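Structure first, then comments.
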Amino acid sequence: MQKIIILIHCEDQKGIIAAVTDFIVRVEGNIIYIDQHVDFEQNVFFMRLECELTNPNSNLAAIKNVFEQSIAVDFKMAWEIQPKEKKLKMALFVSKYDHCLFDILGRYSAGEFNIEIPLIVSNHQDLKAVANRFDIPFYYIPFTKDIKEEGEKQQMELLQKHEIDFIVLARYMQIITPNLISLYENKIINIHHSFLPAFPGAKPYHSAFKRGVKIIGATSHYVTEQLDEGPIIEQDITRVSHINSIDDFIMKGRDLERIVLARAIKLHAERKTMVYDNKTVVFS
Amino acid sequence: MQKIIILIHCEDQKGIIAAVTDFIVRVEGNIIYIDQHVDFEQNVFFMRLECELTNPNSNLAAIKNVFEQSIAVDFKMAWEIQPKEKKLKMALFVSKYDHCLFDILGRYSAGEFNIEIPLIVSNHQDLKAVANRFDIPFYYIPFTKDIKEEGEKQQMELLQKHEIDFIVLARYMQIITPNLISLYENKIINIHHSFLPAFPGAKPYHSAFKRGVKIIGATSHYVTEQLDEGPIIEQDITRVSHINSIDDFIMKGRDLERIVLARAIKLHAERKTMVYDNKTVVFS
Amino acid sequence: MQKIIILIHCEDQKGIIAAVTDFIVRVEGNIIYIDQHVDFEQNVFFMRLECELTNPNSNLAAIKNVFEQSIAVDFKMAWEIQPKEKKLKMALFVSKYDHCLFDILGRYSAGEFNIEIPLIVSNHQDLKAVANRFDIPFYYIPFTKDIKEEGEKQQMELLQKHEIDFIVLARYMQIITPNLISLYENKIINIHHSFLPAFPGAKPYHSAFKRGVKIIGATSHYVTEQLDEGPIIEQDITRVSHINSIDDFIMKGRDLERIVLARAIKLHAERKTMVYDNKTVVFS
Amino acid sequence: MQKIIILIHCEDQKGIIAAVTDFIVRVEGNIIYIDQHVDFEQNVFFMRLECELTNPNSNLAAIKNVFEQSIAVDFKMAWEIQPKEKKLKMALFVSKYDHCLFDILGRYSAGEFNIEIPLIVSNHQDLKAVANRFDIPFYYIPFTKDIKEEGEKQQMELLQKHEIDFIVLARYMQIITPNLISLYENKIINIHHSFLPAFPGAKPYHSAFKRGVKIIGATSHYVTEQLDEGPIIEQDITRVSHINSIDDFIMKGRDLERIVLARAIKLHAERKTMVYDNKTVVFS
């Protein structure tokens, strides 16, 4: 049976859930999963459904059309309906650090992510060998101040050519250009190696060490033009103590970065995140 | 506006959610919170809703009546509808350990629980002073093999007289009688000082120490006739190491017991737990 | 047998440990616990020992004297030697929040802390009833801009009269005066309701909510003149999600504040903390 | 400067630490790290030191000899002294699951472990491609009841030929033979996919799901003849809830298995573990 995922958000109003669930019944769908959230401060309603279409002759385009014409209009919804099995295409941007790259490619090879990775982009040659090891095409695009425009152009072309759905910055040490950000709004995932909003910017482990914190963290977030201030998708932490050096912080942090980034990729790939007001709704 | 909580479980069928949400619309309710769960192995459907009744003339008894006559029958539901503000009455059973008692009464005094505690029952006199300190009536009911029947009878009378809704065993070191268990099915909460199913029964910290575990835990669960095998409500853990003695395990465990029991009380008081197949559904 | 605790810090040099352990042998001590730490960046050595004196005629004053004359001089040590059973005297400062107060007094009554609490000081009358419940003298000292000097004077007199060793701010909502801070350097423990250095200052739960973090925290630290920037003693965290309101953050945070403050009190009372360079060494 | 690691255990006696630290001074060593533990129940003393030898002409064999002749005899110590930079040789045993294998090889390639991996042994052909990807020799040794002796013989020969120091079972689904266990006592590390001692043996995630636990775990331990009862090195846990299926348990568990096994490998490789009385001392 075909399975579909429905994501909805709109102003909170009476009767939304009843209208949506009634719609599912009408198109011969069976709800497998439903979750909703209301932000009472902003008065916004969010919903995620997974349904199986019990009629083998169901036509997804027709269903979308009905939805569009009826309740989407009635409730002024922002919405999407997608087949569950569709694999999103993900581009990996890396620089020199390899731990997140190894982790993502290991998970990818082991079949943990419902995605395709058509390419890896880097501003350095260092990780070409890792890409080769996993048989993923690797594109070296230098990216310095002088050649930024050229670099951005090459990136854009590659992304377009490979029909990339979202981008993951696996410790990519370059600022993403506003053009790229606006093209992939809420579709570029970064991993920052601190417990944001503590220690944004460069060298967070050094700052954490200097401050004498007892816990360090990592944060995955969607990239916006404000550095390290985009909507947070996932965070996790680990304990440190006075016996740990900066190198220990970095080593312990690597495990955090891996896990937190992998979770964010999985959530995004399964369309479990919605963004509103610079925050995320993350369905379980 | 009056707020109500609706709990439902029944065999999983098509159209339940649509029917329920449609019902809410008909009785002029506004859904504030909806969560549902389907156990696909057992084919059982669970749902919890919070609604506010927008019509000031809404009559709860009438609403229940309509629900009973219509969808409850249609879907063969087990269900309850309750006013959200209703405070459940909780009896505390204790023996000699005071850390959970202090914690519960401190939280109770600080207004953290939406409950009433009309009485504390104990098989020892030791904690009478603590009960007095918080002005809660304390009943000493000795409970040894020879006088078990008499003890049970006294307990039953007290519980009935005070219209007790649920019982919390805050390190009560006596087996609960089958009569009491059947009277309060899924309404007696115990705290066990291990990460169940590891180390059931007596002296779990000693067993954990002997085994050399690196993490210890605590488990709150509903009491059934099988010792420490009832449906688990909540668990939590903390790290230990070779430097910790059994006394350290006990001391660290106290914090776990406090927190895990407090969370279970809160979940039960807010009617966020449902029991099925010796497991709990815990709504968030 | 008498037990003593020895704390040492000095410039890192060759032979310190050998000299100290040799000293213990000479005074007929048996080392129960030894832990040391070297800050290689600052080149500072820290050590904590617990010893039992096997000779019943051991004289602590004499031992201190020998230590002072010999290795303390040789290695230019800052040091203290204290009987392990000595209970430190702790003053509790509170305002209106009662959850930390209830927790501390519950633990105190249950014998969890090796301390004495001779008094509670507050700038409000609200928590007098709680203090009475636990039979601890309660002093109401108003503390506004106009009467700050008078308030500080009263505080100082009380602390001196009761020979207070350290102060705990259990959600005391007033700035501590520089005079008091310098009198109790590294001896005033505050609990801040965020994961410092994120969200210092007022209303951290509101800021955390606005930022959309997935984890909130609490931090206990020694008070310095820089608000929320003193040496961190302990931190802990808990997960939150989009479904949690600010009120949920506050409620979940209460548990963190309780636990993190209780741990800091215990560490300080057992002389397991040393401060250097605005950081703590916390021995296990 | 050459760095050495010293591990000691013996009956607890007065003066051990003084004697050891004095020895270090005599051989012109500078203690970088010292940690010790006394098991007061068993009256056993454990110690781990890292020293740098400040004299460039220091001779490790000579130092060992002096140690052996003097304090090792005096205190009846079990001990070892090793150069810190020595890389242990590790054999990886796998079957069909690839997630731990990918993780270990990714970390190995990224330089996280101070080890060498000369070979991978498997009773199935499935993971040969992964081994090839990382250029590690892969040996297929079938291992069924009938050919157990032949299989064991082949394993033994390979381990001997490659001078293997320790073995890691990365979800190797075969019982290790007593011969191999006795040859590699406390040198075979297994990862079990439950929070031991809960759910030993086969299919722990299924059992955990059935029991309705709220937390699942993973445990790395040294292999002994008693299945899943060897000394525990490390454990960790993650939360689950009623919404998680057995497949979710398995997926979440994979992350635990990876992390917990990687930590155990690191601890063993850095000689931070000591085994006594079926428990581990794990130095930090």
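Order of writing sets the labels: A, B, C and D. Residues in every chain begin at 1.
Everything below uses one rule, namely that contacts are C-beta pairs under 8 Å (C-beta built on N, C-alpha and C of every residue); 3 or more make two chains touch, one makes a residue touch a chain.
Chain labels with UniProt names: A, B, C, D = Formyltetrahydrofolate deformylase.
Note that the coordinates shown come from a computational prediction; the quantities given were computed from them, not determined experimentally.
Q: What is the shortest path, in steps, from chain A to chain C when you may only step between chains that touch?
A: Minimum number of steps from chain A to chain C: 1.
Q: Across the interfaces B-D and A-B, which one involves more C-beta pairs in contact?
A: Contact tally favours B-D.
Q: Could you work out how far the Cα centre of chain A sits from that of chain B, in whole Å?
A: Centre-to-centre distance between chain A and chain B: 38 Å.
Q: Counting only Cα atoms for the centres, state how far chain B is from chain D in Å.
A: 42
Q: What are the residues of chain D that contact at least two other chains?
A: 241, 243, in rising order.
Q: Going by the contact rule set out above, which residues of chain A touch chain D in the complex?
A: 98-99, 102-103, 105-107, 109-110, 112, 130, 133-134, 241, 243, 251, 254-255, 259, 262, 284
Q: State the interface residues of chain A toward chain C in the complex, per the touch definition above.
A: Listed in rising order, the residues of chain A that touch chain C are 37, 39-40, 195-199, 211-215, 217, 231-237, 241-243, 245, 278-282.
Q: Looking at the complex, which residues from chain A come into contact with chain B?
A: Touching chain B from chain A are residues 14-15, 17-18, 21-22, 24-25, 30-36, 38, 54.
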